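The following pair of complexes shares a single chain, subunit A, combined with subunit B in the former and subunit C in the latter.
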Partner chain A sequence: MNPALLGNLGVSLALAFSLLGLALALLAYFQGDGRFLRGARALVLPALLAALAAFLALEWALLTHDFRVAYVAKNHSLQDPLWVTLVTPWAALEGSILLWGLLQTLYTFLAARKPLDPWRASLVLAVLFGIQVFFFGVMATIASPFETLPNPPADGVGPNPLLQNHWMMAVHPVLMYLGFVGLSVPFAYAVAAMAVRRYQTWVEETRWWALIAWGFLTAGKVAGMWWSYEVLGWGGYWAWDPVENASFIPWLLATAFLHTAIVQQTRGAFKAWNFAFVTLAFAATVLGTFLTRSGVIMSVHAFAEGPVGPAFLGFFLLSTSLGLGLLSRVGREVRDTAVFRPLSREGTLLLGAFFFAGWALVVLLGTFYPLLVEAFAGAKVSVGAPFFNQISAPIGAGILLLMGVGPILPWRRPRAEVFRNLYLLLAVLAGGTLLGLLLGYTLGASLAVGLFLYNLAAILLLVREGVLGRKAAGLSPWGFLENRRRVGSLVVHLGVALMGLGIAFSQTYRLEAEKTLYQGQAWEVAGVRMAFQGVRALDEGRRFAVEALLRTDRFGEVRPRLHFYPQMNAPLPAPKVIYTPGNDYYFLLMDFDREKGTWASVRLIVTPLVFWMWVAGGLMALGTLYILWPARGAEAAKGVSPA
Partner chain B sequence: MRVWVLLLALFLPALAQEGPPPDLSPEVFAIARELRCPVCQGESAAESNAGVAVEMRRLIAEMLQEGKTEAEIKAFFVDRYGEWILYEPPRQGLTLWVWLLPLAGLLLLGAGLFAYFRPRRTLPPELLEEAERRLKEPPA
Partner chain C sequence: MKAKYLVGVLVILGALAYMIFGGLGRNLVYFLTPSEYLQDQAKYQNRPVRLGGLVKEGTVQYDKDRLELRFVLTDGVAEVPVLHRGTPPGMFKEGQGVVVEGRFGEGVFQGSNLLVKHSETYQPPKEGWTPEDVRKLIEEAK
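For the complex of A and B:
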C-alpha cells in the first residue's frame, strides 16, 4: 500500500458510494419505497470514511515526502515546517477540492442523522449525494490529487510562499470551505420542499445549518482580511479582488436568506424569496469556484488553477436551474398574499434582504464586467476598488440604517409608543453625524459615527425593553440572556456596526508615506519619530530574511522584514504592525542597500480603527456561537422563557 | 513609447539598486492606489513591489513636484497604457454601463418594492357585486 493507491481507492470508493447513494435515493423517492431509502442512508457513512481515507492519504504522502505524487512534488518541499506540511492539502486546487469533498461528506453525514419524512429525506439525500458525485467525479477525472509522476524529483518547490508566511493559512481556507459546504444542506432541504410542495417547515429545519454556514463564512472572511493585512504588506484588508468578491457574494445572499427566513418562520411569508436566496447562495459558492479556479480572471489568490472551469460552470448552471426551475413550477403556490407595510419588522427585513441581494448583484456585475467587455468589445478595462467602494458605501449605510430600526419595529404595524423610540434613534443619528462634522471628519465618516451611535442606542433600547419587561412580569432580568436568538443577534449587530465604523474610518483616513533612511538618520511622520540603525540578515533555512532595525520613540525597536524565497524572484515584505485602539502603525521595509546596508527604504502606513474591525469580527462570531449554543431545556430552545 | 516601457521593465532590476528609491509623500500613494500595476495580478501601483510599480511611483512623485495635477498624472498613464490602467472605470465609453446598471437596478428595485408594499386595492363596488352574484349562482 502506498499513499497514491490509498488516495485513488478512497476517491473512487467515495465516488462509487455517492453514485449508488444518489441512485438509491432517487429510486426511494420515485418508487416510494423505504427500503431504498434505508440503503441510501447506509451509504452516507462509507462515503465519509472513503473521503477521509483519501484526505489522510494526501497527508500521508506529504508527511512522508512522497514526490511520486504530482501534488506533493508541486506543493511540498523537504524544508517545509511540520505545520506547513499539514496544511498543504489546501494550498492548491486538487487538494482543496478533496477537502471540499471531505467536508461535503461530513455535512451529508450530519444532515442524514436528522429525522425527516421519507419523501423529503430521499430528496435531501439525493441532492447531497449529487453534490458529492460532482466533487469526487472531478477528483477522479480532471483534477486528481493523486496523479503520479514517472520521474519523481528528489525535492519539490514547496507551497506558494504567501501561504507559508502566516499561520492564518491553516485556519482561513478551512473556515471558508466549512461555510461554503454548509450552504448545501439548506439548498437540499429547499429543493426537497419545492419538490414535495411542503413549503413551510424547511426554513425552521435548516435554520441552524444556515446559521452555522454563515458563522463559518463570517469567521473565514474576517480571518482572510486579517491574513491579507498581516501578510500581503499593503496595509489593507480588502482589495475587491475577484476571489474576495466571489466569496463575498454567497455571504451576502446567505445573510439575506437568514433575514427573510425569520419572516417565513414568524409570518409564513416570503417563501419564494427564501427558495430563491438559498438556491442562489449555494450556486454562488460554485460560481465563485469557477470564477477563481478556472483562470478566467486574474487574481492574487489564483494559487490553484486548473482545468476544472467548465465542470464548475456546468455544475453552477445545473444547481441554479434545479432550484429556480422548481421555484418557477411552484411559483403560484408560494406567492405572498398578505399586505406588508414598509414600517414593520417584516418590511425592514425584506428591504434589508433586497439591499444584500442588490449588493451581491453589483459585486457580480463589477467582477464580471471586464470579462464581458473583453469578450464582446475586445477591449481591456479595469473595474477596481474605487468603483466597488463608491457603490458599496451607500448600500452599507442603508443596511446599517435598517439594522438599527428593524428590531425596534413590531411585526405587522407600528404601535404608537414605537414612534417615540424611532424619533429618539433618529435624533441620535443626526446628533452623532453632527458631532462628527463638528470634530472635522468628512461627511462619510461623520455619517458612520452617527450610524454607529444610532445602532448602539437601538441595541441599548432593546436590552432595556427586554430587561424591564421581565422585571414588570416579576421575572429575573437575567432571564433576558436566555433569549439566545435575540441576544446573539444583538451581539452580531453590534459587531456589524463596529465593523462599519472601522471600515469607514480606515478607508477615509489612511496615511501612507515612504522614505529612504541612511544609517542614523531620523524621520518624523504621522506623530512617530523613528531612527534607522541598520539592517541585519538572517538565514532561516527555507528562506532568507533581512530586517531593518528602527528605533522609535513610541514603540521601542521595530523590525520590519523582507523575506527572500528561492522560488520567488521578488522578495516578500513581512510588515511589523503595532495595533493600538486608535491608529494602527504598519511598518514596512521596502528596499535596502544590498552592498553595504547603509540605507533602507521604509514605508509607514497609519490607519485608524482597524483594531476594532478584528474586535467586530470576534463579536460577530461570538454572537453566532451564542445563538447556536445548545439551550438548557427544550422550552428555552424554542424561545419560550420558562415561567 | 511601448518599446521604451518594455526596455524600462527589463532593466529595472539593475536600475533599482543603482540608487535608493525616492521619498514618497502620502499624495503619491493616493494617486498610485487608483492605478493598476501593469505586470501584477490585481495589485495597484501603490502596493506592488514590481519594478514597474516602483518606477510608476517615482514618476508620480516627480510629476507632483513639477506641479502637475492628479488628473494630468492619470492622463499621462492612460496615454501610455490605455484606460485599463485606471482602477476607477471612467463614466463614459465602454465602462459607462457598469455605473449605469446599478442605478437602473436601484430604480427597478424601487418600483418592485412599491408594488410589494402598495396596499392591495379592493375591487370596485360594481365588480364586487358581480362577483358575489356569481358566487351565489349555481354553476351552469
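For the complex of A and C:
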C-alpha cells in the first residue's frame, strides 16, 4: 500500500458511494420506497470515510515526502516546516478540491442524521450526493490529487511562498470551504421543498446550516483580509481582485438570504425570494471557483488550458437551472399576496436583502465586464478598484442605515411610540455626522461616524427595551441574554457597524512615506521618529531573511524583513505591523545595500482604525456563534441544532 | 397608479444603470503595449493604463535618495519613457519584462505600480521579443 494507491482508492470509492447514493435516493423518491431511502442513508458514512481516507493519504504522501505523487512534487519540499506540510493539501487546486469534497461528505453525513419526511429526505440526499458526484468525479478524471510521476524528483519546490509567510493561510481556506459547503444543505432543502411543494418549513429546518455557513464565510473573509494586509506588503486588505470578488458574491447573497429567511420564519412571506437567494448563493460558490480556477478573467485564452474551468461552469449552470427552474414551475404558488410597508420590520429586511443582492450583481458585473469589453470591442481592460469603491460606498451606507432602523421597527405597521425612537436615532445620525464635520473629517468619513453612532444607539435602545420589558414582567433582566437570536444578531450588527467605520476611515485617511536611510540616519514621519541601525541577514533553512533594524521612539526596535525563497525569483516583504487603537504603523523594508548594508529604503504606511476591523470580524463571528450555541430547553427540544 | 410605479422603477433602474456603466467606462484600465499607445496617444492621456514591455538595455537610472526610477519600455517596435516613483522591485533589471500601472502625462508614462512577473518556475528572458509576447506578459502579470 502506498499513499497514491490509498488516495486513488479513496477517491474512487467516494465517487462510487456517491453515485450509488444518488441513484438510490432518486429511486426512493420516484418509487416511493423506504428501502431505497434506507440504502441511500447507509451510504453517507462510507462516502465520508472514503473521502477521509483520500485526504489522509494526501497528508501521508506529504509527511513521508513521497515525490512520486505529482501534487507532492509540485507543492512540497523537504525543508517545509511541519505546519506548512500539514496545510499543503489546500495550497493548490487538486488538494483544495479534495478538501472541499471531504467537507461536503461531512456535511452530507450530518444533514442525513436529521429526521425528515421520506419524500424530502430522498431529494435532499439526492442533491447532496449529486454535489459529491461532481467533486469526486472531477478528482477522478481531470484534477486528480494522486497523479503519479514516472520520474519523481529528489526534492520538490514547496508550496507558493506567499502561503507560507503567515499562519493565517492555514486557517483562511478551510474557513472559506466550510462556508461554501455549508450553503449546499439549505440549497438541497430548498430544491426538495420546491419539488414536493412544501414551501414553509425548510427555512427553519436549515437555519442552523445557513447561519453556520455564513459565520464561516465571514470569518474566512476577514482572515483573508488580514492575510492580505500582513503578507502582501501593500498595506491594504481589499483590492477588488477577481479572486476576492468571487468569494464576496456568495457572502452577499447568503446575507440576503439570512434576512429574508427571518420573514418567512415569522410571517410566512418572501418564499420565492428565499428560494431564489439560496439557489444563487450556492451557485455563486461554484461560479467563484470557476472564476478563480479557470483563468477566464485574466484572459479568455486560458479557458482551454484548465479543464477544471468548464467543469465548474457546467456545474454552476446545472445548479442554477435546477433551483431557478423549479422556482419558475412553482412560482405562482409561492408568490406573496400581502402588501409590505417599507417602514416595517419585513419592509426593511426585504429592502436590505435587495441592497445585498444588488451589491452582488454590481460586483459580478464589474468582475465580468472585461470579458464583455474583450468580446465586443476587442480591447484588453480591467475594471479599476475606484469603480467598485464608488458603487460600494452608497450601497454600504444604505445597508448601515437599514441595519439600525430595521430591528427597531415592529412587524406589519409602525406603532406611534416607535416614531419617538426613530426621531432619536435620526438625531444621533445627524449629530454624529455633524460632529465628524466639526472635527474636520471628510463628508464620507463624517457620515461613517454618524452611521456608527446611530447603529450603536439603535443597539442600546433594543437592549434597554429588552431589559425593561423583562423587569416590568417581574423577570430577571439577565434573561434577555437567553434570547440568543436577538442578542447574537445585535453583536453581529455591532461588528458590522464597527467594520463600516474601520473601512471608511482606513480608506479615507492613509499616509504613506518612503525614504532611503543611511546607517545612523534618523527620520521623523507621521509622528514616528526612527533611526536606521543597519541590516542583518539570517539563514532560516528554507529561506533567507534580511531585516532592517529601526530604533523608534514609540515602539522600541522594529525589524521589517524581506524573505528570499529559493523557488521565488523575487523577495517577499514581511512587513512589521504595529497595531494601536488609533493608527496602524506598517513598516516595510523595500530595498537595501547588498554589498555593505550601509543603507536601506524603508516605507511607513499609517492607516487608521484597521485594528478595529479585526475586532469587528471577531464580533461578527462571536455573535454568530452565540446564536448557534445549543440552548438549554426549548430550542434543543425543537431540534434546531443537529448535533 | 400602476403606470406611476412603473415610471418610478424605470427612473431608478436607469439612474443605477447610468451609474454602473458610466462608472465602468471611467474606471477601465487599458492593457497596452508601447506600439498600441503610440497609435492612439490622445485616447489614453490621463487614463489609468497598464503598460507592458521590456526594460530597454542601458536606459535604467535609479536614484535611491530621491526614490526615482527612470527607464525606457520597449516592445521591440516602439518605445515609451517611464518615470516611476518608488523602489524597483527585487526582480527588476535591464532586459526584463515588466508591467507598469500608471498614466501618461507630460511626455512620460508616470508609473504608480511596477510589477515584475512573479514566477515560481524561473524562465530566462529570451531574445527578440515581439509585441505579441509583450501582450501575453501584460495579461499574465498579476
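We take it that the second predicted complex is superposed on the first by the 625 of 643 C-alpha atoms of A that agree within 3 Å, B and C clash if a C-alpha of one lies under 4 Å from a C-alpha of the other, contacts with A are read in each partner's own complex, and residues count from 1 in each chain.
The rule is short, and it goes like this: a contact is a pair of C-beta atoms (placed from the backbone, for glycine too) under 8 Å apart; a residue touches a chain by one contact, two chains touch by 3 or more.
Owing to the predicted nature of the structure, the values given are computational and were not obtained by experimental measurement.
In the three-chain model built by superposing on subunit A, subunit B clashes with subunit C. In the superposition on chain A, contact of A:157 is made with subunit C only, not with subunit B. Of the two partner chains, neither subunit B nor subunit C is touched by A:130. Applying the stated contact rule after C-alpha superposition, one finds that A:601 touches each of subunit B and subunit C.
In the superposed model, A:379 lies in contact with both subunit B and subunit C. In the superposition on chain A, A:239 contacts subunit B only, with no contact to subunit C. By the touch criterion defined above, A:347 lies against subunit B but remains apart from subunit C after alignment on the C-alpha atoms of chain A. Once chain A of one complex is fitted onto chain A of the other, the partner contacts of A:145 are absent, as it touches neither subunit B nor subunit C.
More subunit A residues lie in contact with B than with the other chain of the pair subunit B and subunit C. In the superposition on chain A, A:3 contacts neither subunit B nor subunit C.
In the superposed model, A:568 makes contact with subunit C only, not with subunit B.
Residues 298-299, 358, 362, 365-366, 369, 373, 379-387, 390-391, 514-516, 570-571, 590-591, 599, 601, 603 of subunit A touch subunit B in one complex and subunit C in the other. The touching residues of subunit A, counted against subunit C in their complex, run 157, 160, 298-299, 358, 362, 365-366, 369, 373, 379-387, 390-391, 514-516, 562, 567-571, 590-591, 599, 601, 603. By the touch criterion stated above, subunit B contacts subunit A in their complex at residues 16-17, 20-26, 29, 33-34, 36, 40-44, 46-47, 49-50, 57, 82-89, 94-95, 97-99, 101-102, 105-106, 109, 113, 116-117, 119-120.
Taken in their complex, subunit A has these residues touching subunit B: 232-234, 236, 239, 241-242, 298-300, 302, 336, 339-342, 347, 350-351, 354, 358, 361-362, 365-366, 369, 373, 377, 379-387, 390-391, 511-516, 570-571, 573, 590-591, 593-594, 599, 601, 603. Those residues of subunit C that touch subunit A in the complex are listed here as 16, 19-20, 23-24, 26-31, 48, 50, 64-65, 67, 86-91, 116, 118-120, 122, 135, 138-140, 142.
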